[in-house]
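One chain, chain A, appears in both complexes that follow, with chain B as partner in the first and chain C in the second.
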Partner chain A sequence: MKSKSVLGCLVLSVCLMFGFNTALAEEGITDTEIHIGQWGPQTGPAAAWGSVARGTGAYFQMINAKGGINGRKIVYHMFDDAYNPAKTKAGVKELQEGTGIFAWACGVGTSPGLAVIDYLTEREIPWIGPAAGSLHWITPPRKHLFPVYPLYYNEAKALIRYAVKEMGKTKIAIVYQNDEYGKNGLRGAREELVTHGLNTVVEMPVELKDTDMKSHVMQLRKSGADMVLLWTSVSHAVRIVGTSRAMQFTPQFMSTSTCSDFPLMMHISKGLWEGVICATFGELPDADDPLMKMYKKEAFDAFAAKDERWGLFYYAGILFVEPMVEAMKRCGKDLTRDRLVAELEKLRDFKGIGPKISFKPFDPNDPSSRQGGSQTFLIQCLKDGKAKKLTDWMDI
Partner chain B sequence: MKMKRNYYEDVQMFTSGVVLFWFLTLLTGLFLLPLVVKNYYVYVANYMAINVIVVLGLNLLVGYTGQISLGHAGFFAIGAYGTLMLMVKLHLPFIVALPLAALITAGFGFLLGLPALRLEGPYLAIATLGFGLTITQVIGRLEIFGGREGLHAPDLTIGSWRLDTDIEFYYLLMVITISLALAARNIVKTRVGRAFIAIRDADIAAQTIGVNVVLYKTLAFAVSAFYAGIAGGLYAFVLRFIEPEIFTLMMSIMFLAMCVVGGVGSMMGAITGACLLSWMDLQLRNILNLPYIGAWLESISKTYFSITGVSNIQFIVFGLIMILIMTLEPLGLFGLWIRVKKYWKTWPF
Partner chain C sequence: MIDFIQTIVSGIAAGSSYALMGLAMVLIYKTSEVPNFAQGELALAASFFAYMIMESFGLSFFLALPCALSFAFLLGCFLEFLVLRRAKTPNILSMIVITIGLEMILLGLVSWKFGADQKTMPFPISPYDSMAIGNIFISTLELVTVFVVLAIMAALYLLLRFSKMGLAMKATQQNTMAARLMGIRANRVLNLTWGLSSVVGAIAGLLIAPTLMHPYMMWDPLLKGFAAAVMGGMTSLPGAVSGAFLLGIIENIFGTYISIEFKAVVAFAIIVIILCIKPSGLFARHYVKKV
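And now, the complex of A and B:
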């Protein structure tokens, strides 16, 4: 009797060990499925950016409809974190440890991302295209994290270069949000101005909770600036333009990609955004680009919900994961995390609907080995919310 | 019927062997929990434990002293920032930095207690609300606190023990949470707690019989802030990253909601309320995976709501549950428990 139970225990433990071993095959990958996760605020203060995650979803549905990636379908796990880092971390852990996620895509916001960056890095889980242009992603660079979003620093340089060289502006002021986002813009602007032998005429910080812009605009007007660079949130940018108009101060306004969704900006500003020049990182919604047309037709028209808008944030969700999908395709049938990283590192001037993307073999001392995009181009807002392309893709 | 015969019977920690037995069972259960559940649930348990600590403190203030605070996210933030700053800038070890930061928080609690001496009800709510909002603004504007870029938590070590995993952190948290829960119970059962309750029930009467209202009201704020400070310091290590925008007004409101849903003026209410609401906060989005109900909710959301409807549904359900609990039992979860207990004791009558 006793020997039987010992035998039983042995069989059981062998089974357990065997079960354990098979579970060690690549996490999130089966013969027919690839599990990809993403967080994105669908509620709360940043809900407007939630369309990024929905855009990625439609794109994956399009890929699945075409037969998937090398015979595997993408199973997309998206969850709402309401821009609350505690929830982001909870959701990521739950999906990672419950379902098993192969790789993470995008993810809106610097602070939700920073709550999970260590968790993903320690477990060597690839994370491609965080949807925020933060320097945190590449300081220090991490082997499994591949940012695609161009740096605000580069956008600021491009805008200043255009203002000085093409428009002949010399008195340049900058209004920046007093955080990492704004300061990156400020740094880029300053550095570019120095190369042209110029300086800013005034630099003005704005706090997130500031509401009255009159004193800011007063100072801008007093400085006699003929170009004002707005490195703020959408609502502040609109308020500054509105207050300036009311105070009859009409310089050329320029702003970042965050404010380059023109139909949205025209709607919020009630038409005042007309004439503003912005840097942007994705093709225009109505661009004559074959890829854009295909995505519009086969992803957006086919799979988007009825109230969805084909706007920058929505197709940014496609743009940020294009390199990931391309690398997974190149991996062939033998898809593992190591191979995905290796294939991503081999991307050179990969062109989707965004800037050219290049990564290099991992070097912990070289941020550019992980910063994918450095190109941007400039657009100007027209009366009907359409955009006029001022430049082609600029290499900064 | 069993009668209490002396003072010590009234203040003793465990009123009967049954209570002690269940307490020990609970302790064993908590000890074994990480060994049987998935790591993710350990994280959830950690999140719950932190909320339990805050709500225990808040309950001392709201439930026992009859004051109100809509600014506890502010104390929470001071605790979190204080702990990290003491560790990073002054290189203090964690076990020194955490209580020290909590003491600093208690100092702020004392300061906020001063206006509370002259303010009541809605006026006090607004004063504390202002405090909560101001703190994050101040922290956000000071470069030394990392500004809006926030702070990263250093590695967590106690002596030579390095706490890397959620499970290790869980055990640390449980020790702290249980000690603080026992401490809170002790406060309530003794002189200080009786003074709190006297102030809550009638502060003029309390003063007449010799309770120092100035001392005990400010003390209630300080103790409550101390709890929030400890919880904040621990929260910084749950997230491993903090920035001012995390400590929102919504957070203060959630703390208060946990306190009220659980049942004001009861230890068990504070604990169950905090556990239930943090659980719902993290888990309610899975409501769509439930059989039948999930599909039904999704179809409602698709027909009547905008594109983000599915995720808004969870907040509607959240609100509904809170309304239901409060309507059915104004004393919250604790009230429900009392009813069940009464029913059980008097059965079959």
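And now, the complex of A and C:
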């Protein structure tokens, strides 16, 4: 009898201990800290997008300087994955299992994100605002994954629609990076063209390691394309435009939001990016928007490195995590992963410096329950690297 | 037909940057029988050095050019003297591993100092200006590169064929001990070869940088240059250049008429095929070393 009581007490204490522990100690959360992780290419072929992770860092520093979120400071863990999915996976695993991360923010690239999507989903770890507009994030939708970036698929549709309806282009070629990023754009473009009774005149894949674009441009020229949609890395896009110029092939070029940081594109292309039309997902750097001005002053001016530039990719690192920060604020002191998810699901038409963000209660059959941003607008690069707005925010 | 001619011209243009890297590799191989995988990063360091002095000190390209080439020469000599010469009981495998190590160190240093963002090298010729003969186009920069390649190849050929230095390099490669017994200062010959090859690589880097400038910019030209040198023959300067032009042409024909997706791997398929069929390369004379 006595031994049964002892055993009962022991079982009860173990249950209480574990139950108590779980209730109090959410992974990556202490009374004073919230641990947030992010990967981003600081080296390698996609390093131009590395400023996303640095922008998030400055934003978190700004929040911490203002007292943090409900008394907790954000501890930000950022690592360089060089746009290499194997490194992304190793780094995420190491930080998650070594340090313990409460939630993951942004993360540049479709392929790096795909390398960790199952890992984070299985462990029910929130991942908010992947820095890529991939359809993979919502096919199928995942309870703990909240994309903010408008889909590449939709961007491509918006660009094609504009080219056909507003510019009267009918011979449309596509150059796409031969991975999920490029194929998302390709799919959107193809589907939009079909709705206008058109087909692509040529589709050219580009491998990440390709450096010589002459064969590509020769085939584009041969196709007689009057509009070329570029769904590639920044450096490939510039090389295609440059090689086309050298071969005196001058169609209208259009490109994805990843190539819409015009000052950078003009600098790299030595001015050849002028006239290119891009989709984009964030207010313009010089926009007369109070929030943009505040971020510029209190995050960028105060915390950015000396040689950093206030460009789209930099403040995209802020834009992608605005919903996460808002939801964490709404959680109050009782910050858990479940509460964070619940608060994110309550966001309706949340407006930061990007598109309006709305989520819904999780429905595994409804991708829109998790695709937060669906608006985009089109801009054209001017001679001085500034942008001319061609459209307002559009719902695609 | 116009398309085919354009493909050939584009191939020659693409091959010109491979040719410079191939020449640099052949130069060291001719003296030490070691393929130098640090060649690309030696060129990278010199290109970024030129960029730095132009950006920080406002030097013009024509002043920065001799400074960068001198830097490349000294860097090549320095690495040979400080690292390769110190290798104990050196064999070819360990020397190759050392050059790969040097390559990683130089890449790390350049990335650390200049960051990974793409830069724009100030250059007198725009990489996107072109010349046209009828409907055939070639970029002005690539045309300049082709002429530079041919000039360097001729200069190096004359140096190796008719100068005492060239004879000493050949002797050092064929039998270092015998060369030493004949009074050739083999270490000095090796040292100068590293310096010279570094200069040739640096010229390649400076001609590539106006189009593409970031820490990984030399990987592709190095690998393609190596493939070209293997194809043409690792001991033949005209072989390396012909191999490079041939490689550029094959790549472009393959990309235009067969598969653009597999264009990037053609070079490596060629290495495998050449090594199986004619290991000494298409244009090199095979010689048997007496033992």
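By our rule, the second predicted complex is superposed on the first by the 348 of 396 C-alpha atoms of A that agree within 3 Å, B and C clash if a C-alpha of one lies under 4 Å from a C-alpha of the other, contacts with A are read in each partner's own complex, and residues count from 1 in each chain.
Simple rule for what comes next: a contact is a pair of C-beta atoms (placed from the backbone, for glycine too) under 8 Å apart; a residue touches a chain by one contact, two chains touch by 3 or more.
This structure is a prediction, so every number in the text was calculated from the model and none was measured.
Colleague: Counting only touches as set out at the top, which of chain B and chain C does A:311 meet: first, second, both, neither?
Modeller: neither
Colleague: Looking at A:385, would you say it contacts chain B, chain C, both, or neither? Reply first, second, both or neither.
Modeller: neither
Colleague: Between chain B (first) and chain C (second), which does A:68 come into contact with in this model arrangement: first, second, both, or neither?
Modeller: neither
Colleague: Check the residue A:218 against both partner chains and state whether it touches chain B (first), chain C (second), both, or neither.
Modeller: second
Colleague: Could you look at A:207 and tell me whether it touches chain B, chain C, both or neither (first, second, both, neither)?
Modeller: both
Colleague: Per the contact definition in the header, classify A:178: touching chain B only (first), chain C only (second), both, or neither.
Modeller: Both chain B and chain C are touched by A:178.
Colleague: Give one of first, second, both or neither to describe whether A:94 is in contact with chain B, with chain C, with both, or with none.
Modeller: A:94 sits against chain B, while chain C stays out of touch.
Colleague: For A:272, is the partner it touches chain B (first), chain C (second), both, or none of the two (neither)?
Modeller: After superposition on chain A, A:272 lies in contact with chain C alone.
Colleague: Of the partners chain B and chain C, which touch A:43 in the superposed model: first, second, both, neither?
Modeller: Both partners, chain B and chain C.
Colleague: Indicate the residue numbers of chain A shared between its chain B interface and its chain C interface, in ascending order.
Modeller: The answer is residues 42-43, 47, 50, 178, 207, 209, 307 of chain A.
Colleague: Along chain C, where are the residues that touch chain A in the complex?
Modeller: Checking each residue of chain C against chain A gives 3, 6-7, 10, 13-14, 111, 115-118, 120, 126-130, 132, 137-139, 211-212, 214-216, 220-221, 248, 251-252, 255-256, 260-261, 263-264.
Colleague: Along chain B, where are the residues that touch chain A in the complex?
Modeller: Spelled out, the residues of chain B in touch with chain A are 38-40, 43-44, 47, 137, 140-141, 147-150, 152, 235, 238-241, 243, 245-246, 281-282, 285, 302, 306-308, 310-312, 314-315.
Colleague: Applying the document's contact rule, which stretches of chain A touch chain B when the two form their complex?
Modeller: 42-43, 47, 50, 54, 79-80, 82, 84-87, 89-91, 93-94, 96-98, 111, 114-115, 117-118, 136, 178-180, 207-209, 305-308
Colleague: Which of the residues in chain A come into contact with chain C in the complex?
Modeller: Going by the criterion above, the answer is residues 41-45, 47-48, 50, 178, 204-205, 207, 209-212, 214-216, 218-219, 222, 234-235, 239, 242-243, 245-248, 267-268, 270, 272, 307.
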